[in-house]
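Two complexes come next, and they have one chain in common, subunit A, joined by subunit B in the first and subunit C in the second.
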Partner chain A sequence: MAHGLSQERIVLMIATGLFILFSVTLNGFLSADNLLSLVQNVSILGILGVGMAIAIIGRGIDLSILSTMPVSVAWLLNLINGGMPIWAALLCALALVVVIGAINGFLIAYVEIPAIFATLAMGIVVYGFGKAYLAPIDAVYITRTDAWFYSIGSGRVLGVPTPVIVFALVAAAAYLFLRYAKLGRFIYGMGDNPLTARITGIPVRPMMLVQYIIISVIALIAGIVMATALSGINTRLALSTMVYDVILVVVLGGIGLSGGKGGIRNVVVGTLLIGILLNGMTIMNLTYTVQSILKSTILLLAIVADTLLNPRDEQTAQHGDI
Partner chain B sequence: MTGKKLLKAIFAVAALASATSMAMSEPYDDGQSKTYYEALKGKKVAFVPLSMGFDLTEGWNAGLQNQAKALGYTVDIRDPNWNVEAGVQAANGFISDQPDVLILHPLDQQAYNRIVPKAMKAGINVVQINMKSVTNGDAFVGTDWYELGYKQAQEIVKACGKDSGKNGKIAIITGQAATPTIVIGNQAFDDVFAEHPEIQVVAKQSADFDPAKAQAITSTILKQNPDLCGILGVWDGQDGGTAAAIREAGMNDQIFMVSSGGGAQAAACDNIENGSFDAYVSYDVPGQARDLNAAVKILLQTEPEPGSAPFALYTPLKVITKDNMNASSCWTLEQLKASGG
Partner chain C sequence: MQPLIEMQGVTKEYRGVPAVTKVDFVLQKGEIHALLGENGAGKSTLTKMMSGVTQPTHGEVRLKGRPVAFRTPSEALTEGVAMVFQETSLVPSMTVAQNLYLGDENLFNRIRGLNIAAQTFLQSLNFNVNPTALVSSLGAAHKQMVEIARAVRKNVEVIIFDEPTAALTPEEKRHFFALVERLKARGVSIVFISHAIEEALAIADRITILRDGELVASDATAAFNRDTIIRAMVGRSLSDGLYRRDTGQEPRPVGEKMLSVQNVSMGSIVRNTSFSIYSGQITGMFGLIGSGRTEVAKIIAGIVKRNFFNGGEIRLREEPVRYRVPRQAVQDGIVYVTEDRKVEGFFETMTIAENLHMGVLSAGLSRGNIVNMGEMRAIAAEWTKTLNIRAINNNARVIELSGGNQQKVVISKSLVQQPKIIIFDEPTRGVDVGAISEIHQFINRLADQGLAVVVISSYLPEILNLSDRILVTRAGRVVEEFSPAEATEEKIMYAAVH
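Take a look at the complex of A and B:
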């Protein structure tokens, strides 16, 4: 980006500022333990953010991930609780999310429904189908904890909580994919200008299919981390507003909704800002309402700062933000 | 299920009787049983839960359906899936269908304030289950949230208060602000702690009934207060996240965790068994299902003018700990479906 102060940098500066402020004013904020739990507490948000970033960079969006995640994992746990071996249940869940992703991609690429509507509708379909056939009871609990599988979300490796490690792995894999894989580079081309990408000979439609399948798989990974961390999962998550938090993390980090811009670094920065905020506000024992006000004010601040420092010009405006 | 057994017995007697003599095909009437069965047969009951698909509503419904099947009336459900507007619509739809009894399960104290009098005006007897609008119906079946909060707070006072030798430092992980559970329960917490000044609430945070938020908040609180003695939760569905954070911090032995809920096996007793919860105040869904059936049966038989004789069946609460827990402390949906109500 040509500008000296991109939104990513502004957010990074705000995050650093808050970090220093909390370190000085809040007892115990700067301890290694607290910092690890700070990242751990936003790692699921971060993993989902990586998936959302892949959608948005390709000038799409995936509103169905917050249905795909709890429904696929609730089914997975139901299968395991019903006596199926873990690997077989994992394969079933994987097959399910691949199908969901493929349908998303098909609707967007071939039926040419705008991503926001296709995935909005698919989210409702997935939740409804899941509730009717895969997980009729909202809350599904993990009833045994003897296998490796259960330490995915609740273990530690060399003192680092495993959700942080999974977040790091997913982020690293997505970074390498977007930066070095041919398909990853094409996603930027597609996001920047889909028509040009198509005329240039990039197989835009099959790529969209793959793109949304990857996103669905990332949602499954996030769900497994969540379920094994909390000893269960609740399909009601699909009705929550968490999907907006995920979009927020992505957009806040500086990935424009018009596509073609940004990378995984932006997601990490956006996630960390939210993590620092939540952690500091919990230490200060602020009430839920005050926390919401502060959170949204700081987010607004970041966006206002970006608009002032990087005003829209004709070139960016014609991309047509959502 | 005495009703079902009784009915089976009656059928058996009837079958026997009809085999011996065609004239004796009537079931035995002890002077009241005949009018009882006749009063219930063919009646219509309507149920608008907060949402199906979670332990409480599934448990109640299992009991309702069992009894309805045994006694020959129907219980129809419209599931608004956590959506208050859809709930109001469903209730309105039922009112125009004119059922004999309408069972409502409101999300908060205001949601069905207009629906309750409207249904009663239309001649329908209204039962509210576990959460109550400000307006009274003909019957309320469910938890006294003040008593629940009071019992929970007492448990934590026992574990962390003056006579325990502990420092009295506790945290409260509360839930969605407007629900009766939280509004009334918090009042009870305050009242108990006012009598016990040694209890020091070092943190009070809302996790919005979301276990992931509860985990995040708890992990931060624990790092901030490494000498914490106890945590008060408000609902087992959320408290699983709190327990996960305690477990992860390796502080299960130090933290006394108090939770509450409907007493489902996986949400309650499993967590007591594995040490996640130290005390659990249960509002005992099988008992509530029985009470709900009783309220329905009373209203169907007495057919009171709506609003003329309101009554309440507050649920007797059970405090479950590792020491008093037994096979019947908790319940599973399979059990309730087989023989609940």
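Take a look at the complex of A and C:
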């Protein structure tokens, strides 16, 4: 990195500082129960953040993941509760998210709608469709607690809560994918400069399709972790502001909105900071409104910082010719 | 006489790295002052400090004897210092007239009145631009004209041009120089950055040469000649053959017919053009801006998709081809090296190795779906050596390189794709003198190796120096073909204009 003190490192320091501050000042922050819930929330946010990062690195964005996640998982639970074998229900949910991702990708790549509008609209479509046909009741609970499925989000391996393990696996897979897979490199190329990517011979449009399908599948994984950790899922999540938390995680971690920059490490540090902050605010018993103001202010600051750190002006355009 | 602008010991550092070190610069009233130097010599930075785009880290800028510190270009403008940038700062979705008067409109404007005023003004400058045309529909040269006209209209005392002639055809250059002379007669001082030494010798009153951010020479033009300038710029004397093919060298023989373009049309830009390209040869393509040379190259390489109703046929080794996306062309061995590398040439956040490897991956030349880091480094090492690409270190991002090195990266990114046909569009635009000769030598080597090479250029000496065949385009089609033996600058120019 060109900067001596990268955004990634600054965020990590702030996160550590906050953690220490909250541990000292907040009663119950360090309790086992709270740390478990912190870790669960952080993991779900982190998994979604990985998906969002893949979108933003490829110079896109996916606002529909917060609809895809609860709708597909609510349907999955409904199918399971209705007596379908778990593996069959999982396949159905997988098919659903692949279709959603493919439609997103198609709209963005072939119809050439800006990602922000395509996925914004698709989010509403998915929520509406899910509400009408897949999960008419907002809250869906797990009734059959078959050991292996239930333990995806609520078990422990060697004392480590499984959501953390799933997050770690997703993050590691995404890290390897982005860094070493041909398709991952193409996503960086497209994000860096779509025109160059096209001329160089990268299959830009099919790649976008793949990209948004991957993101949708990651949303499904996050949803399964969430549902099994909390014994159910509420489709009203689609109407919440959680999608902004996810963007916050990604941008704060240091993935530039202009594309092509950053990686999974940035998501991890961003997730840590936001997870600790959200948890601390909840313990402090701040009202939802105050929390929203704080979060949105931080998001704005992060975007401003992003613009300052990754400027798109005459100066950078000319950087090669000083 | 009191100098108009005086800079004393100015230094500019970017993140601690000096771009300009302790430079003194004096601009007199009514003087044409050329600023020469290789890419990365600090010319742009020096002029940006005059015009308020950046501020000097140390040193002083004085305007008519009074110390000034412009914080923005608009502050400089109110003091009578204007800068015309390489990258145009026009609003693409507005008309030429609207752009000319942008910021100076009355509360209510009659569009017709605006257009008439713009028309009169443009004609007074001898610029052939339609004031009602949208800026986005103009070519690079016309955009530049509008940009210049806008600066002239502000009645400034100093106009700084950053490579004003890079995008202009010879005809337009003559108009531009005439304009500069007229501005001078009106008492306006001109600073212009240039790569073309002949231009500086022809029109400048005074020449300042920078090298590696330091002042090497500054004197009246009469004190210089081509050779002394080059020596001052690069710190060494280049072989004289830079733009002159060794006399007596025969053109390469015609090889296999690789590509034939037959009656291809597209809109009003490419009209029923036909020509062929052979392997083992350099086919030079000369034409004025707007003559369809870039567009036909982009059609061949699949970058512009051509609709069926436009008719015509492109045959690759006698097989008809019609590419929808560049990927198909790349896989068939046709690559296009862009004229605008910043927009569509390289991946700026990536290192040289990553850029080159992206070419390998896209062409499907790397086995498997996993990136082989060893292979990536090996390719980078090989090509940085072949093309003598200079970077501070292996982790330098391409955006941090100088123009010449960036161009070499773009060229190698195409060559790692193992093409059969390579099309260079303005291969040496915005490239410093040293790199130009290296790139030319390399292009010659490619043809010797048997590739079919096309060089599109609006710089006649380049065409004459490199080509084994010369095609001239005009109004969307190839109108004439010359052999190097019979071609002269005059003949080619005549074919391109009439």
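By definition in this document, the second predicted complex is superposed on the first by the 256 of 322 C-alpha atoms of A that agree within 3 Å, B and C clash if a C-alpha of one lies under 4 Å from a C-alpha of the other, contacts with A are read in each partner's own complex, and residues count from 1 in each chain.
Just so we're on the same page, a residue touches a chain if its C-beta (ideal position, glycine included) is under 8 Å from a C-beta of that chain, and two chains touch if they have at least 3 such contacts.
Quantities reported herein were computed from a predicted structural model and do not represent experimental measurements.
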item: First, second, both or neither for A:Asn279, with subunit B first and subunit C second; value: first
item: Subunit B versus subunit C as contact partner of A:Thr241, first or second or both or neither; value: neither
item: Touching partner for A:Tyr180 - first (subunit B), second (subunit C), both, neither; value: second
item: First (subunit B), second (subunit C), both or neither touched by A:Ser231; value: first
item: Touching partner for A:Arg198 - first (subunit B), second (subunit C), both, neither; value: second
item: Partner chain(s) touched by A:Lys261 [first = subunit B, second = subunit C, both, neither]; value: second
item: Parts of subunit C lying in touch with subunit A, wherever the complex brings them together; value: 14-15, 19, 39-40, 42, 44-45, 53-54, 85-87, 301, 303, 325-327, 329-331, 336, 338, 342-350, 354, 357-359, 361-363, 366, 368-371, 398-403, 406, 413, 417, 430
item: Complex interface listing, subunit A residues touching subunit C; value: 2, 179-183, 185-186, 188-189, 192-193, 195-205, 260-261, 314-322
item: Contact footprint of subunit A on subunit B as seen in their complex; value: 51, 53-55, 58, 81-82, 177, 202-206, 208, 210-212, 215-217, 219-221, 223-224, 237, 240-241, 243-244, 247-248, 266-267, 270, 333
item: Touching residues on subunit A, where the partner in the complex is subunit B; value: 27-28, 31, 33-34, 37-38, 40-42, 44, 131, 136-139, 141, 143, 154, 161, 226, 229-232, 234-236, 239-240, 278-279, 282-283, 285, 287-289
